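Only one structure is covered here, and it is reproduced in the block below.
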Amino acid sequence: MGQGFLAILRRDVLLAFRNRGEIANPVIFFFIVVTLIPLGLTPEASRLAEIAPGILWVMALLASLLSVEGLFLSDYRDGTLEQLVISPQPLYLMVLAKILAHWLISGLPLTLLAPVLGMMLSLPEAGYFPLVLGLLMGTAVLSLVGAIGAALTVALRKGGLLLSLIVMPLYMPVLIFGSSAVQRSVDGFSIEGPMAVMGALLAFSLLISPFATAGALRVSMHG
Amino acid sequence: MWQWFHRLGSPRWFYQASGKWLPWLSGVAVLLLMIGIAWGLGFAPQDAKQGNSFRIIYIHVPASFLALAGYYVMALAGAVGLIWKMKLADMVMKSAAPIGAALTFIALVTGAVWGKPTWGTYWVWDARITSMLVLFFLYLGVIALQYSYSGQDAANKASAVLSLVGMVNIPIIYKSVDWWYTLHQPATIKLTEAPSMHPDMFHPLLVMILGFYCFYAVVLILNTRTEILYRERRTRWVQDMVGPAGESGQ
Amino acid sequence: MSQAAVLSLDAIAFERDDNLLFSGVSVALEAGDILQVEGPNGAGKTTLLRIIATALNPTVGRLIWRGEDALRHRQTYLQNMLFLGHLPGLKQSLSPVENLQWWRRVHPDNTSLESLDVLARMGLRGYEDVPCYTLSAGQQRRAALARLLVTEAPLWVLDEPFTAIDKQGVAELEGLLVQHAERGGIVILSTHQDVGIPHIRRLQLTDMARVA
């Protein structure tokens, strides 16, 4: 039962390792776009510190969105997706494995890079822990939710822009709780509330998303 | 029960039956809307603070109600279509999407128009307005997805899955936007809550809400009927009815 | 048709967006049968094979595997079925060995064959460890066909398996199919080539659009 899960997880991580350039792209994107902010706004530390939580979260969200498009695309194009859909393993678990692999190669690096960028945006000290903890859970939710959109648009010739259109509204709760946790911590309030909600969002999307994604993949394969 | 269910699932039966109810339902909708508008605009008392500008709620509030309810109608129709493979449900889902989007748009625009005299600006990031905007995006996503697929069946299934995911997410989005708003709420802005309204203002609103529900049903049925004719255009009964000269045979 | 049919297609029809591709496709297959699906381009060969592979659902009709509805008992059916589609299903940046290995993990088998030996038998000796994108189309097809040697599924559904492979490869593959049938397996394939397999059964899909 868990065999398919492990096989796909190993395969996708290996594939990502072979195509290292592709993993680096969202991370570099995150880096560059955050660099644009002081250039476009102000280099003044106090004003940057004020908007840092929101900026970091919005950019992480966009970077994750950028990478989620490819989640099923190459599998669809080379016929492996079809092999997965008709393999005797539960599709739910294999989809979950693909999402986990996606998080390992996109969400996790983004989370690890975030403190560096926070420092560059003069994020106050109290903000780092909630930023990292929030991103750790939040990027996983983004991968899970994005997977549904990626599965729905994989068979379309120009799915990319449509994917952002259908997925972004669903990303909003993550953004709200993620960035306000950082803000609250900076302002000296407790972050338990938003973090608990983030955990709940993660648990809920873990339950729902692989199911919806598997269904969406079947729709895409049949279409 | 099951026989009824299957009969309802037949587009042809629905087309013919709805043709009989439609005049009545339209009549009720028009009557309610006319009473509501006349009462609300002409006879309801002025608001103490907002003067006459508050009267836009007679459009704004029902449109907002229906915008949200319409999403549930769409998603549930989509679910029925997915689970029981009922063609009619797919058509209802497809027809409901643009109506819901239009109502959401009306709610947003009337909200903005109302906002100008009340708050001095067309747009504020109020919790309800923001939620309404997100709802508008959700509708746009479903419509865009529907029209991106070249095949009708795949388009229906895909948008059904998306509207179900959206339906599950709406309460979460609304709650989180609410929470976000309480964090940043500027104390000066506060919306008039409907239940705290004076009964003389509230009763015409009730009539308008009822009228909007009927109106929504009429438009949804009309839209679905068009979709049925289009989808079943090659079948015998449609061709018999439309006739070679295009004259209505009903 | 005898009662001993292992796989039967029962009046299968497929319709997409109100266009009927084919209908009333019925055939009963017993152990040892090799069935070639024939028809002009656009007649629905690939669609029919994908229906048999459960990658598509038929609009009407049933797929019966050992007396049970295959779509209802999908898990059991899928354990007994191998499908090779139009696309080889290989990850281009993985080597043939790595490709075979992930596939074997997703399709549990009890064969103790080494993946390397299997690929050598498919004529890929010396190419086991290079990424698939450096291989020719024929070699990629062979890497995909290597799954036939490790599977224990009795039912093989192969869409255009002879595409891009050389003459010798075609002869070897034909030998493999016959051997599988002799051991009691069933093969369903589509191809435009004339196949040198004795006692092959044929299913003709006519182009409905052209008839109508």
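As written, the chains take the letters A, B and C, and residue 1 is the first residue of each chain.
In this section, a residue touches a chain if its C-beta (ideal position, glycine included) is under 8 Å from a C-beta of that chain, and two chains touch if they have at least 3 such contacts.
Bear in mind that the values here come from a model prediction, so they are computed numbers and not experimental data.
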{"item": "Category of the chain touch graph - line, ring, star, complete, other", "value": "complete"}
{"item": "Contact-richer chain pair [B-C vs A-B]", "value": "A-B"}
{"item": "Centre distance in Å when subunit A and subunit C are each reduced to the mean of their C-alpha atoms", "value": "37"}
{"item": "Whole-Å gap between the CA centroids of subunit B and subunit C", "value": "48"}
{"item": "Cα-centroid distance, subunit A relative to subunit B, in whole angstrom", "value": "32"}
{"item": "Where subunit B touches two or more other chains, by residue", "value": "151, 153"}
{"item": "For subunit A, residues contacting two or more additional chains", "value": "222"}
{"item": "Residue numbers on subunit C that touch subunit A, as the complex places them", "value": "53-57, 75, 78-79, 81, 83, 85-94, 98, 102-103, 105-108, 131"}
{"item": "Sites on subunit B touched by subunit A in the complex", "value": "134, 137-138, 140-142, 144-145, 148-149, 151, 153-155, 157-158, 161-162, 164-166, 168-169, 172-173, 175-177, 179-180, 183"}
{"item": "Residue ranges of subunit C touching subunit B (in the complex, touch as defined)", "value": "16-18"}
{"item": "Contact footprint of subunit C on subunit A as seen in their complex", "value": "3-4, 6-8, 10-11, 14-15, 18-19, 74, 77-80, 82-89, 94, 221-222"}
{"item": "Touch list for subunit B against partner subunit C, complex", "value": "151-153, 231, 234"}
